[in-house]
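These are the structures in question, set out in turn.
Each of the two complexes below includes chain A, the first together with chain B, the second together with chain C.
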Partner chain A sequence: MVNRLRGDSMKISFRKKMLFLSLLPLIYSYGLVIYPFASLIYYSFFNYDIGGTPIFNAGANYIQLFTDPLFYKSLQLTLSYTVLSVGIEFLLGIMLAYILVHILRGRSVALSILILPLVMTPAVIGIIWRILFDTAFGHVNFYLGLLGIPPLKWLIRPTEAFFSTVIVDIWQWTPFVTLVTFAGLTALPVELVESAYIDGASEFRTFKDILLPRIRALLYIILFLRVVDALKVFDAVYTMTGGGPGTATNYLVLFNYLNVMTFYHIGYGCAIAVFIILLMNLIITLLLRRAGPLFFEV
Partner chain B sequence: MKLKDFAFYIILVIFLLFFIYPVYFVFNLAFMPRASIFQLPPNYIFQPTLDNFIKVVTMWSFIKYLINSIVVSVVAVILSLAIGLPAAYALARYDIPKKGFILPTILSFRFLPMASVAIPFYILYVNVGLYDTQLGLILVYVLMNLPFVVWLVRGYILDVPKDLEESYEIDGLSKTQVFFRITLPLINRGLLATILFCFIFTWNEFGAALLLTGTNARTLPVQSLQFVASLGLDWGALCAAAVLIALPMIIFGLLIRRYLIRGLSLGAVR
Partner chain C sequence: MAEIFLDNITHVFGKKVKAVDNVTLRIENGSLISFLGPSGCGKTTTMRIIAGLLRPTTGRVYFDNVDVTERSPQDRNVAMVFQFIVIYDKTVFENIEFPLLVRKVPKEERIKKVKRAAELMGISSLLNYPARKLDPGTKQKVALARAFVREPTVFLLDEPLTNVDPQTRLELRKKIKELQKDLHQTMIYVTHDQAEALTLSEKIAVMNYGKILQYDIPEVLYDKPKNTFVGWFIGNPGMQFFDVSFKRSNGTFLLDAGEFSVDVSSISNHLIKYGDELKLGIRPENVQISSQKKNGWFNAKCAVVERIGDMYLLTLSKGRLEIKVKIKETDIKEGDTAWINFPLEKIRVYSKSGELII
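Let's look at the complex of A and B:
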């Protein structure tokens, strides 16, 4: 009797210990962000420039934000960037995964090469591409010249600058789509493919109608991760174009950063940050409602 | 059929060249003597030189910022493990109430835009004296790493059969002993991969470091901007700096190639 009681109380204290341990990351994370996030909201209602005194201005920062043509331009640019980059990454990425599944030789080399863009420091990637896109001495223009295309003013003209950031995003993240899709495809049972062949389906039809639907959940997760990361793009664009020329590559987080650190408008910057964090939260909640269970399933 | 295979290889090679060219380019330029750098068509045959590397390492306190990067990354990863590993174990093995809330909430911190999140930290750090300190940056990086540690390590623990742990408990080992003597050795590869994975992402982080550090606690990715400003058209030295910053990550990335995909997809593929 005494022993059983001791056993039970030990069990309870052990369970409490496990509950505490499982909550530690959240305790740390919320503990760290609660004050900064509260002050972020607080200062978003102040006219506060670096070096100045904060002056309460009610919702003026938010009114400024929603009437700022630069903000709408930034929002529109970010959406175009995301749709274009992620769309191309998906098409290319799945095509390359399809090829990788079918070839026998050189797979290992290909997989190693595909790792490179994913682990290189994004800030450094921006600097490398800045050199490659140089109008006079850049290799991009040189190789295009071999194809008979006259030199483009990549980082100098707005349209070209926008596309140069899209190209860098495609360079960085297509390998991610390829590698995850490839891993998903190779994990499928071999019988699935074989039985499709026996039924007389072509390789491409087998891929499109039988294999891809089987990894639909995985493709959804890839899409989710890519969309969220593209919306908050910062590193490589910042070191390559700095948001320019003018505001041609002034994506949301850059718009936010530049308002704080270049124009010293902290109060306004806080309002922008509140908007971005709320927007990200909304998108994550909407998408994670479907992706969340998928993460648990797989 | 043969023709199709041939076409596959052509397409694959074209794209692989696209992916590897910038990497090849930066290594090439880093070893290139100054005179060859602006030659077009590009000069691929030259006497390699270490001048660019010597220039980078001896100027602009490269070593100081290298040490910053190492210290910040190592300490942040260790702290993330200390907080995240026990949680990963508890969340993998025990019936924690509200698990369906805890796990996605931890995960949600992975999606925060670091440069925006760093703004209120900047205000706070300036006021409490944490601005431009390694500690200030480390605190934020632990926040950034925890989702990866918890999700990935939990996945590796789930791969270990629960029956195995229970059989050792019947043999008289305590739960803590089972964890340290049985479970941990079984997941050591996954754990090592998680450590390197977090190290890569901490080392590469740019947005928060840009806001929260000045000349003192700056890490290499942020210092690379300084290289651009001061080196300008000295592309050789700039590329040498780029190689020194990115090469360790390339090596780590290739070492954990198989695990990297699992990490990037947050455990969605095994």
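Let's look at the complex of A and C:
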């Protein structure tokens, strides 16, 4: 009791506690990040199928990966998917943000509707859209029929299936672009807009030439998040098309998943995962190199 | 260039807050005038109404006898510089060029005009520099250049020097004055800094509670403030006021403050009809003071001696009253007794409600 009241001993025990606490991030980064990542790399150099014993095969998994036509198709599909969906999300999202900024009545209703897709589970979204896209009974074809458009084989034909997944991604993520852009725009000083009006700029011109450049650091962050997310697309596509028809929507992570969980090629799957991680890192580095200086400017 | 006429402008924010109350004002073509008043007096709101950024609740705005009340800021061709320094995320050149670009001015003419405006502001060497990296003072120079690059009907300057460092403030104040003389443009300057208003403007509209209390040349504002607010607001410190009663004793007329009285027999015929209760106003710099006893002067005790710039401000107490005296040189120290006189020609008399009588 007396000891406890003495300041210095209190200090020492506090110091010890803090030292222990400061080890926690180390344990986290080693135990939960580095260890699994290291074993991923380790097994990527083994011929290891489920039930068998891992046999070291040097770089054979990587050679297989880079000679696998399915892999190239998957890579190409993923990149097209990312460019197309993120591109359209940006265009639509910014347009919607522009509209939101200019309406006052109904803005809060619009905002709460926009939030809906963001709070839904992607796996459920995939199932919902699978029903909506159904060729015979789907709502999409029903409404297209009302417009006089013959039914499309949404999830049955490869091209349509690809576009269905893009549509779902746009449906889910455009609101994200809108909300963040809207938040960024409303945080700008009102004088910026007024000054541009007085200088003679129209509303659209003010938006395009003055306001958007002002929030470009924010736009880069959105772009960054969306690109990384789109490259990793999995759940909604898995529940909607399962990567099909054939390999029409077999995006990288699905390709990886199917190799491990369906074909049980764990060693090969690890090699694919390592490649995905490296690809992500490359893209992140490129984006940050372009955007990084923006964040350090006044 | 334009003559601006505000006809009975009232602006109400929400349902209750009257920011501008029945303002009628004619601003002569080519003059530089200021709106001066404390924060929240409605000066910025009035300016925003002139700019077209706000539509007045009632009243009309005329530029050269043309009703522009319904016109957008884009259509009014005004130039405005804000207190909050507005810089676009572009180079200095592109910033200054922007108003010309949106007006589709031909390229050669744009370059020529931008260069001239930059030269006026002394920022020619910075044209290719990203404007957002400049210091606040230089940023405001860019904003001013952006306003001066075209020929607007009127320049609106909304406290443009408030967020600028003191050195640049003096430099820009001089520059604005010179530019106005050269260009002979109508310019409206909003400020709460009377030194700025007094040095810059030909005429000043002193505002409070949304009303224009007095619109006059600086000399008149200083010398004959129309009411006690203007008197108090202009000057450093402003005019001091004493509640006095107008009395007649032994054939002379006195303004009696209790602790002292002033003989006003010579102007008494002006005062008679305003009742017994009046206010006496005098500027601290107009009070005469002496450390020696003088006939007809009254004594007071010096409480505080402060230095303001190159002057001394003495605060003297006389009973419950406090008298401020501003003087170039003095040998009076705190605690001394001094003799004071209010020269009749410097005294201003106000009614009980604060309106100037004489």
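We adopt the following convention: the second predicted complex is superposed on the first by the 261 of 298 C-alpha atoms of A that agree within 3 Å, B and C clash if a C-alpha of one lies under 4 Å from a C-alpha of the other, contacts with A are read in each partner's own complex, and residues count from 1 in each chain.
The rule is simple: a contact is a pair of C-beta atoms (placed from the backbone, for glycine too) under 8 Å apart; a residue touches a chain by one contact, two chains touch by 3 or more.
From a predicted model like this one, the values you see are computed outputs, not experimental measurements.
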{"item": "Which partner reaches more residues of chain A (counting touched residues only), chain B or chain C", "value": "B"}
{"item": "First (chain B), second (chain C), both or neither touched by A:Gly269", "value": "first"}
{"item": "Partner chain in contact with A:Ala187 - chain B first, chain C second, else both or neither", "value": "first"}
{"item": "First (chain B), second (chain C), both or neither touched by A:Ser195", "value": "second"}
{"item": "Touching partner for A:Ala60 - first (chain B), second (chain C), both, neither", "value": "neither"}
{"item": "First (chain B), second (chain C), both or neither touched by A:Leu223", "value": "neither"}
{"item": "Touching partner for A:Val101 - first (chain B), second (chain C), both, neither", "value": "neither"}
{"item": "Set intersection of chain A contacts, chain C complex versus chain B complex", "value": "298"}
{"item": "Interfacial residue positions of chain A with respect to chain C in the complex", "value": "189, 191-192, 194-202, 205, 209-210, 213-214, 216, 297-298"}
{"item": "List of chain B residues in touch with chain A within their complex", "value": "5, 8-9, 11-12, 15-16, 18-23, 25-26, 29, 38, 40-42, 83-84, 86-87, 89-91, 93-94, 96-97, 99-100, 102-109, 111-117, 119-124, 139-140, 142-143, 146, 149-150, 175, 200, 203-204, 206-207, 210-211, 220-222, 224-225, 227-228, 235, 238-239, 242, 245-246, 249-250, 252-254, 257, 260-262, 264-270"}
{"item": "Of all residues in chain C, those that touch chain A in their complex", "value": "51-53, 72-74, 77-80, 82, 84, 86, 88-90, 98-99, 102-103, 132-133, 143, 146"}
{"item": "Of all residues in chain A, those that touch chain B in their complex", "value": "14-15, 18-19, 21-26, 28-29, 32-33, 35-37, 39-40, 43, 92, 95-96, 99-100, 102-103, 106, 109-125, 127-132, 137, 139, 142, 171, 174-176, 179-180, 183-184, 187, 218, 221-222, 225, 228, 232, 234-235, 238-239, 252-253, 256-257, 260-261, 266, 269-270, 272-273, 276-277, 280-281, 284, 288, 292, 294-296, 298"}
